[in-house]
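Supplied in structure tokens, the structure appears directly below.
Going in written order, the chains are labelled A, B, C, D, E and F, and every chain counts its residues from 1.
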Amino acid sequence: MIEIFDMGKYDFYVWGSIGVFFFALLADYISVKAKSNHIKRLIKTKSRKTRNRSNQR
Amino acid sequence: MRFGALVKRDVLVSWRKKSNIYQPLVFQLLIVTMFPLGLGAGAQTLAKIAPAVVWILALLSTLITLENIFKDDYEDGSLDVYVLSGMSLPLAAFSKATAHWLTTGIPVMLFAPVIGVLMHLPEQSYGVLLLSLLLATPIFSLLGTVGSALIVNIKNGGMLLSVLIMPLLSPVLIFGAGAVLETTLGNSALGHLLLLLGCAVLALTLAPLAAAAAIKVNLE
Amino acid sequence: MDAGQLAVIAGPNGSGKTTLLQALSGLSLLASGSRIYQGSSELSLWLKESHYLGHKLGNKGNLSCFENLQFVAQVNETSVTSSAISAVLEKAGLAGYEYQHANDLSAGQKKRLALSRLLLLNKIYWLLDEPFVNLDYAGCDWLYEIIEKHISQGGSVILTAHDQKKIHELAHHHITLEFPEEVHES
Amino acid sequence: MNRLLKFYHELGSPPSFYRITSHWLKPMLILAIIFTLYGLIDGLFFAPEDYQQGDSYRIIFVHVPAAWMSMFIYAIVGISGIMAFVWRMKVAEAVMMASVPIGAIFTTITLLTGMLWGKPMWGTYWDWDARMTSELILLFLYIGVMGIYSAYDEDPRKAARLAALVAIIGLINLPIIRYSVYWWTSIHQGSSVSLMGESGIKDWAMLRPLLVMALATKFYYIHSMLCRAQSHLLKTEQDKNWVKLALTGERKDKTQGGNL
Amino acid sequence: MRFGALVKRDVLVSWRKKSNIYQPLVFQLLIVTMFPLGLGAGAQTLAKIAPAVVWILALLSTLITLENIFKDDYEDGSLDVYVLSGMSLPLAAFSKATAHWLTTGIPVMLFAPVIGVLMHLPEQSYGVLLLSLLLATPIFSLLGTVGSALIVNIKNGGMLLSVLIMPLLSPVLIFGAGAVLETTLGNSALGHLLLLLGCAVLALTLAPLAAAAAIKVNLE
Amino acid sequence: MDAGQLAVIAGPNGSGKTTLLQALSGLSLLASGSRIYQGSSELSLWLKESHYLGHKLGNKGNLSCFENLQFVAQVNETSVTSSAISAVLEKAGLAGYEYQHANDLSAGQKKRLALSRLLLLNKIYWLLDEPFVNLDYAGCDWLYEIIEKHISQGGSVILTAHDQKKIHELAHHHITLEFPEEVHES
């Protein structure tokens, strides 16, 4: 089993590359989700605010 | 006439505020002293990197002046004055580039041999150095108007400007420094200079249009 | 708007006065609506006949008053003699300041220098954003005077002002912006 | 043809773009994950060893798809930049600004994996070879577009138009960089034969995972880009009614408010 | 507590405006690509000048960030807020320097090995490179607060700032780049590093006082 | 000046109001004359008991309202709970804007944020340079109110204002600057 991951002693480079690939895309995915949630929450709270105001009137 | 008026005004303004003119030169001196300090080395290494360093310094010291090509005018409102005069925008951009070249390009070009001497640039290279900068400094100014027009109302836009126009300048650097390098090796620099000329012609035709488009978007 | 008329735009802060004037000047394009002048929407014709003076004055700080006006004349392709420039400066109350740099003027004098551009260029339409700001009493009177004269000679003026009663009395049109909504005028 | 045209027009309006693409997000993400898993397992464990490079060539399965994406995305940025600048399409602005960060990420992946590949192959992490240099400059182009956009954060429409202008300039610039950098290396380094010249992959077992990964990256790009584009539209259109409808289904409250 | 509050605020502000953090790094990348483009040379020449170039770039890219240490606060009036809070001025200057170091010094330091790889710096030098920058970047930030305090209400003061503090920085450059150079030649860099440590201690004691004096003069 | 008093400084543009307030604040040293507080000219004591709010507001643009106030409290070594900060923001009419960045506020809201610092810090002396600028009617009323309250609790306020009649009626001292000359007050 170990040999498979050994990559003929190129393990650092190969797994490093795969790591870079996954790390970068995961970071992208997380930031996309965070941004999307943030903007949605912002708009929702804002519309709640305006709704409250119109209810007060 | 409009062209002349704008150029004359800009040159006058720069002349009154001398720091515009000597800042890039001081900047070059500042960095060129860093090299021997950092290298701690003899003339040999210096001479080898001289073509690159002289050229890079000319480029860098011009870069720091580009931000203000349009910015000052935008901030004091005189940009509105000439844009609303009905002057065509590409012509205005071209005038600004010309004035910038006269007040920055020429001093930088004339100062390059001084830096060359400090960097032990071999004697046979000075002619081509001047010639390559004569072709390249107008490109710097022209692309500079584009960059400056793009960042005209950004607060600390200088760095961004460099990033924006660096890709455009890389061929110029390749051919320009390449030309000087060839002469240090005793070869002809004609090919490089012709390519540089091509870049200059391209910049001359496209840059004023791009700068005009950017100014238009920014004033909207 | 016909020739020889004065329109005053009023409204609270942020109601869009400056925005409207800039749109009229041609600096910004109207997001909606359009500027129609002499039956054509061609910009260059309009630019040739109008002059806009906004919050930013457009004087170059390290040029003298004289050089500032000279540049303005040249870039507008209006040929004037240097004695004409001096005359304009004198009218604006800047006699003796011809060779003073614009930076070294007081705020009111800077405003006068900017306004004197109007006298130098023979534009029909003047678009002035709060021209009375910074001027002292004498300055305001001078400005009333040149506006009246311009109108009597067939020119048109559109300006904004916050609390100048007199100009409202002179005005032919009153435009009051209350909400940032579209305003149409003929 | 007509249906296609109609579809195109629908995609051009923010509300229907939002509505239509909302259905695409999940499938794209799932496809991307499945293809990645398949491609990598196939490539890393089942594809045969390269006779020259040994196992280190397996970096190709992330390096090359990322490299392709870095250029493909710039093309999209440029094209949507033109549409945004000339026709002022809001959706084009959103697509452009959504693509740029992903493109920058793929460019970075290309650079880093290339460096990790260079060490075992050439004994150095970096060599100023034409392709690497131009890839680095491509990163500057991406950074420039992002930078100009974020610098004008108080006026997103203007920011997008300027960013579009920068993207267009970059588009003209791209071939210039490519060629000048090639001339530069050919002038100075004589006959340096780039290792990555002909990939020479003829073995289907090697090619298959590569193509699968190329598809996977495209799917992920579509997912991430649409998600970002949606956020972009929500942000820039936040005062519009459709945004409230889309997010809260507030239709009822609206009519009540009108009655009051 | 005051120290912590000011540092925290500044770090937060920089974090919000990411460009503060990545600008110096992009700047370094920009210039470092210029070198091979200009030199058109193989790894050999690059490796020779690598210690100097890596160090000069770290210095230069920090220089361009120094102007704003106090300027932003001065312009939006928040400088008044903390100066009038009764906080001691040297402590305020020291807080600003700390925040600058955290947001610029550390990224520059961590990025230096990347530039080193691009410049083909030999492998054995990276440790000393990091160590020398660990000692030097605080000096940059500390002297930077002095320079920034001096030019706080000058319009394009960046250039002036560089000229003002460059003489103070030249020993730092000599010892820092020297240390790295020694390791590339296989020698010990201990002597250079100790000298650098001396510089750091000196800056730490004197710079906050000088910056406080400059701020006081400028607010009067 | 005794505790519980309000002084209003008036005068035309450029007559030195701002200069006087800044000198009082301790930002600039008095060129001639001196600030004598509690029998000592020690600056730190004065700084501890006074708060100056000038033309430049001192909000950090990309921090939220909450973070801005939090920083002000910390740097003044006033310990406040986060609910206290929220309460102050609410009083200033900024409820719901806690997490909005100061840059994204309107001009009047920015002014309110700056003024809310006064409520947060328990300073005795308030030095306010044209505090009514940018505020709408409701904002002005709020400011009158907090000034009155502060005075009734024994605080002192020195402010400048151009055309606020009401504040002049409230004032205990009137200081009118006509020429930029030295002005003494006890």
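One rule holds for everything that comes next: a contact is a pair of C-beta atoms (placed from the backbone, for glycine too) under 8 Å apart; a residue touches a chain by one contact, two chains touch by 3 or more.
All values derive from a computational prediction rather than experimental measurement.
Common neighbours of subunit D and subunit F (chains touching each): E. Homomeric contact subunit B/subunit E is classed as same-residue, with over half of its interface positions used by both copies. Set against one another, D-E and A-D show the most C-beta pairs in contact at A-D. Using CA-based centroids throughout, the chain positioned farthest away from subunit F is D.
Of all chains, the one whose mean C-alpha position sits at the greatest distance from that of subunit E is C. In whole angstrom, the spacing between the mean C-alpha positions of subunit B and subunit E is 27. Distance between chain centres (mean CA atoms), subunit A to subunit B: 42 Å. Mean C-alpha position of subunit B lies 37 Å from that of subunit C.
For the pair subunit A and subunit C, the distance between mean C-alpha positions equals 53 Å. Multi-chain contact residues of subunit D (touching two or more other chains): 137, 140, 143, 147, 151, 184, 187-188. In subunit A, no residue touches at least two other chains. Against subunit D, in their complex, subunit E makes its touches with residues 18-19, 26, 29-30, 33, 36-37, 40-43, 46, 117-118, 120.
Contact residues on subunit B toward subunit C in their complex (touch as defined above): 1-2, 4-6, 8-9, 12-13, 16-17, 75-87, 219-220.
Against subunit D, the residues of subunit B that register as touching in their complex are 146, 150-151, 153-155, 157, 160, 163-164, 166-168, 170-171, 174-175, 178, 195, 206, 210, 213-214, 217-218, 220. For subunit C in complex with subunit B, the touching residues are 25-29, 44, 47-48, 50-52, 54-63, 67, 71-72, 74-77, 101, 117. Residue ranges of subunit D in contact with subunit B, taken from their complex: 137, 140-141, 143-144, 147-148, 151-152, 158, 161-162, 165-166, 169-170, 172-173, 176-177, 180-181, 183-184, 187-188.
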